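Order of writing sets the chain letters: A, B, C and D. Residues in each chain are counted from 1.
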Amino acid sequence: MIKVGINGYGTIGKRVADAVSKQDDMKVIGVTKTRPSWEAKMAIDKGFDLYAAIPENAEKFGEAGIKISGTIDDLIKEVDVIVDCTPSKFGAGNKEKYYLPNTVKATFQGGEKPEVADVSFNALANYEKAVGKNYVRVVSCNTTGLSRALYAVSSNLKIGKVRVVLIRRAADPGDSKKGPINAIVPSVKVPSHHGPDVQTVLPDIDIVTSAVKVPTTIMHLHSIMAELKENTTAEDVIKIFENTPRIKLIDSTDGFPSTAEIIEYARDFGRPRYDLYENMIWRDSISVKDNELYFFQAIHQEADVVPENVDAIRAMFNLASKEESIKKTNKSLRI
Amino acid sequence: MIKVGINGYGTIGKRVADAVSKQDDMKVIGVTKTRPSWEAKMAIDKGFDLYAAIPENAEKFGEAGIKISGTIDDLIKEVDVIVDCTPSKFGAGNKEKYYLPNTVKATFQGGEKPEVADVSFNALANYEKAVGKNYVRVVSCNTTGLSRALYAVSSNLKIGKVRVVLIRRAADPGDSKKGPINAIVPSVKVPSHHGPDVQTVLPDIDIVTSAVKVPTTIMHLHSIMAELKENTTAEDVIKIFENTPRIKLIDSTDGFPSTAEIIEYARDFGRPRYDLYENMIWRDSISVKDNELYFFQAIHQEADVVPENVDAIRAMFNLASKEESIKKTNKSLRI
Amino acid sequence: MIKVGINGYGTIGKRVADAVSKQDDMKVIGVTKTRPSWEAKMAIDKGFDLYAAIPENAEKFGEAGIKISGTIDDLIKEVDVIVDCTPSKFGAGNKEKYYLPNTVKATFQGGEKPEVADVSFNALANYEKAVGKNYVRVVSCNTTGLSRALYAVSSNLKIGKVRVVLIRRAADPGDSKKGPINAIVPSVKVPSHHGPDVQTVLPDIDIVTSAVKVPTTIMHLHSIMAELKENTTAEDVIKIFENTPRIKLIDSTDGFPSTAEIIEYARDFGRPRYDLYENMIWRDSISVKDNELYFFQAIHQEADVVPENVDAIRAMFNLASKEESIKKTNKSLRI
Amino acid sequence: MIKVGINGYGTIGKRVADAVSKQDDMKVIGVTKTRPSWEAKMAIDKGFDLYAAIPENAEKFGEAGIKISGTIDDLIKEVDVIVDCTPSKFGAGNKEKYYLPNTVKATFQGGEKPEVADVSFNALANYEKAVGKNYVRVVSCNTTGLSRALYAVSSNLKIGKVRVVLIRRAADPGDSKKGPINAIVPSVKVPSHHGPDVQTVLPDIDIVTSAVKVPTTIMHLHSIMAELKENTTAEDVIKIFENTPRIKLIDSTDGFPSTAEIIEYARDFGRPRYDLYENMIWRDSISVKDNELYFFQAIHQEADVVPENVDAIRAMFNLASKEESIKKTNKSLRI
């Protein structure tokens, strides 16, 4: 049983903690939180040992009536691997301060620069590259979604240049501070960073991206255009996606006109926190015209990297092959 | 085992179906849907027998590859009680057409006029009035939330006039059609219908309400002002609410500045569909000044009437006392 | 002086009425409205003669205390040209019923099918084609914005395939009914109709488009990707746009991170109704990479077709050359 | 001619600058800005002399190609009065640093504490109190709206306790950073600060308020409940409001179901920046029941304090009586 610590029990951390708990070859030793709050209490209520992420804040937990098991300094000594889910750009510092000195492996999230890790990771696209590695960066929600779809397409079809426009949710559902309320905010620098980030996982894909933020909280949406170097049909592409793990096809005519109904589906399906680990691709958006493939996919920003973190740990400790790990993770999460 | 049919497997119907399934003294015989969709498929995937709500539409289900067990005409013959969750104002017609001729009992939802039923119902406030009745109307989400809070207060304190302003969510989360996107829409007629509706449950309360709709999907919020005819303190009122079922106190300083974090809490807590059956009252908003009580509560419009429907059925068949039923329902739903 | 009637004094109609009033070679004879409202009163307050768009509704205006000058049947006899600003798909019927029988010319808006008119029109792109014509369709706000930008680029550079993703406002600012409140709604059919619509104006452009709706009211945003068949630089493209009428360049670093600040600029600039008749292109989004041009533009959906309707009238009556008309219209509207 | 300086050319400052420019007894000497931006350029384009609000930033304007006429230290020497429109809580420091040492009078905005000034001001409610004063605080947009309506009512009717729930816009239209996107945010401390703030202007009113923020940018909305100590009717109250300056009555049935259509009206009416200086009260919301008056009003947060600043200057220099000043200001602003 691999002993896992979660550094940063927030949007991603709390989901990875739950996901790791459902595996039979790894277990959660503890999770960290910077300060007391209902989320810290919830971690304990769920049975996780809680540690102070910032040692100096340790006393504040006691004052708030929350029992901690120590600080990150203590947790780090108990684990084989840390899943670093601290805010963007904090992971690199944590590596220097905690993970390297204690020779503890770590996965990082997509907010870190690629250089923090030995490899940027997506289970489907490059699981093997992470085998035995000490530091693995699970790419961001958007990059994960793109890597899956483009790996599937490019493994089955000769493709050329890929263009993607990302229409991003501006804040997560639990965030009441960030806007905009009534505006579209472009990432003015075109191409956006998402294209190069996909290439950290799929270096052979010729991809260029642009991105905008819009006033919604629930999902990202990608408009994908991929040039084709061989003849194919929409039906062929549908078959490819049907055979790809962590991709789910939906039809607008079946009651899915927008991201709202997709989330409603996830709520009804009974996923914890309505988490959609899969790329949700509109089957009826898939079209091929003049040697170019077009489709829309929706990405649940809070969830799609969760199974990837589990697989990354398996790869790092060489616990299973790519296919075995994906299958195992998927089964445990009802994907 | 009381045999229950759900007429209208939508926002409320699907939740009541799940809730009834968790009881040991009643079971779901079948649910109806007007036309095929992913929600209809989901009902079957969850193990519910599906019936066509509109007999003429029966064939459409087969064409869409969805197996139905008959129509509402068939379902009505199999059940002891129907939970009518059809859209507002359809219940009265259904009663004439289906429930009365088949001498089947029914609960209706708050969108119906009070006259459709023998009693307007809230478990805490007037369970006894529904005992043995054939037609019971479970009041709307807002009225349910107000009835609970005001019953609790008025049972413990002498109160005078109550004023409430309801800030309502404009559309449910799964609805991508309704707006407004960027406006506040008052219910121009003041007082609004909510006050008289509370009085169908609590006739002795002197209450006047006004209401506005705002561009949010997740929860309603009530600003409540109750005149007091005896001396009390905020602490006393907190104790009253702490001892009231289906009321939960939260603190803004504990990480709950808005309705967004409340829903995040429900997601983490693991409720199905993140359903909050309880009134969520901000403890630090409760204040008493110049013989008047003030507080804010948030109401999850999709969920708070769900346990009330279960209790209503128990009352109609005299299966349990008020306290027993509330306790039983709460336990089954992890309230 | 060309005598102009405005059929449909709504979002576009009221703006065209004001714009025509500012010209010295045409004047507004009257405007129509289907029923009484504050907008009907406002038309009269602004000095426009009001006519009932639906003759049977004529009496309702009197009952509401609004003096009308007759019905559409009367107006049609007084004018040389009608600007048809009735809701989408109504124009074709109006043509049969009113314009053809009275041999009155008409401009239609982009909601009509191209077949309603002799030519689909954009002043910059194909003014000459409308000269002397009886029926001219001014293309939609999005198509107008794309036609301007792509005409400018393709007149100066050899371009190949153009790809555009349109991120559309879901409702106009004065609309409190339409949503979504919290979702992204793709036009699932890819390519969208916008590409073919651009080709009604610019038949030689190889363009493919996809579109999504988002919860904002103020502007559309276009992410444009144009393949280049000759070498060029961002600076060259900037010069092209600087020399193109009805295109305005802005910099994100100058205080324009989103569409919100663009509208704030228009309010401060003092345009009536904050109307932005121009394509607003982010200068710092313009980039050229691997023989492809990228940029973002924001389009004020309520306003950009207004000068085009004025120019269309001039073309139809051969009152001025393309350059003269654009210059004249621009000057009158402070563009 | 009173020489006016505007310290802080932002949301309020730019409007007051335009309003002062339209008066015949005062003129704008200059406006300040903390750093270069399109708004700074716009000030110059409109003919205002620009000064650096932060002397150390003076060079940055030149570097950005914007010609300034000096710094706040220079401006202060040229003026009789400063309208301080700097961000909340900055005014007090400015008073100490600039206004007092130079014996320059100043108006402050509602974000400052009352103690910064000799009097908290609303033209209708207490113009006379500001006559001859050196430091006057124009109360906030919400307090201004409440002071007008409650002064009008309480001057004509004996009223008792007043309760108000304020449903506030969460960000201004030109702000693309602030949220929430999908939540209701209560001001958990009840009563809110708005009640005591109204009492700085109308000390005899017994008022208690609570407030929530909602995801809209365009207007605030107030739900007002006022106990009556004498008999009256809705018609009587309508007459009172009809005879009160800076109050405008609208009817929901006339096309005003929400704040969206109100702003649309202001755009059509041709106000600069669509500014609504008036309280917009729904006539059909005004009702009297059981000796209590109820109504809804919408407040344009960017605009309603603008005429008040003009009147405040007149009072401070004793240029006109209350009635004369209000009339003069209203006429100049087309109120």
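Please note the rule applied: a residue touches a chain if its C-beta (ideal position, glycine included) is under 8 Å from a C-beta of that chain, and two chains touch if they have at least 3 such contacts.
A quick note: this is a predicted structure, and the numbers were derived from the prediction, not measured.
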item	value
Which of C-D and B-C has more C-beta pairs touching across its chains	C-D
Per Cα centroids, the chain farthest from chain D	A
Distance between chain centroids, defined by C-alpha means - chain B, chain D (Å)	42
Length of the line joining the C-alpha centres of chain B and chain C, rounded to whole Å	47
Centre distance in Å when chain C and chain D are each reduced to the mean of their C-alpha atoms	36
Chain D: positions in contact with at least two other chains	173, 175-176, 180-183, 185, 215-218, 257-260
Touch list for chain D against partner chain A, complex	170-171, 173, 175-183, 185, 215-217
Chain D residues touching chain B - in the complex, by the definition given at the top	163, 165, 167, 180, 182-186, 188-191, 208, 210, 212, 214-219, 221, 223, 225, 252, 257-260, 282, 284-285, 287, 289-290, 292, 294-296, 298
Chain B to chain A touching residues, read off their complex	14, 37-39, 42, 173-176, 181-182, 217-218, 250, 254-261, 263-265, 267-270, 272-274
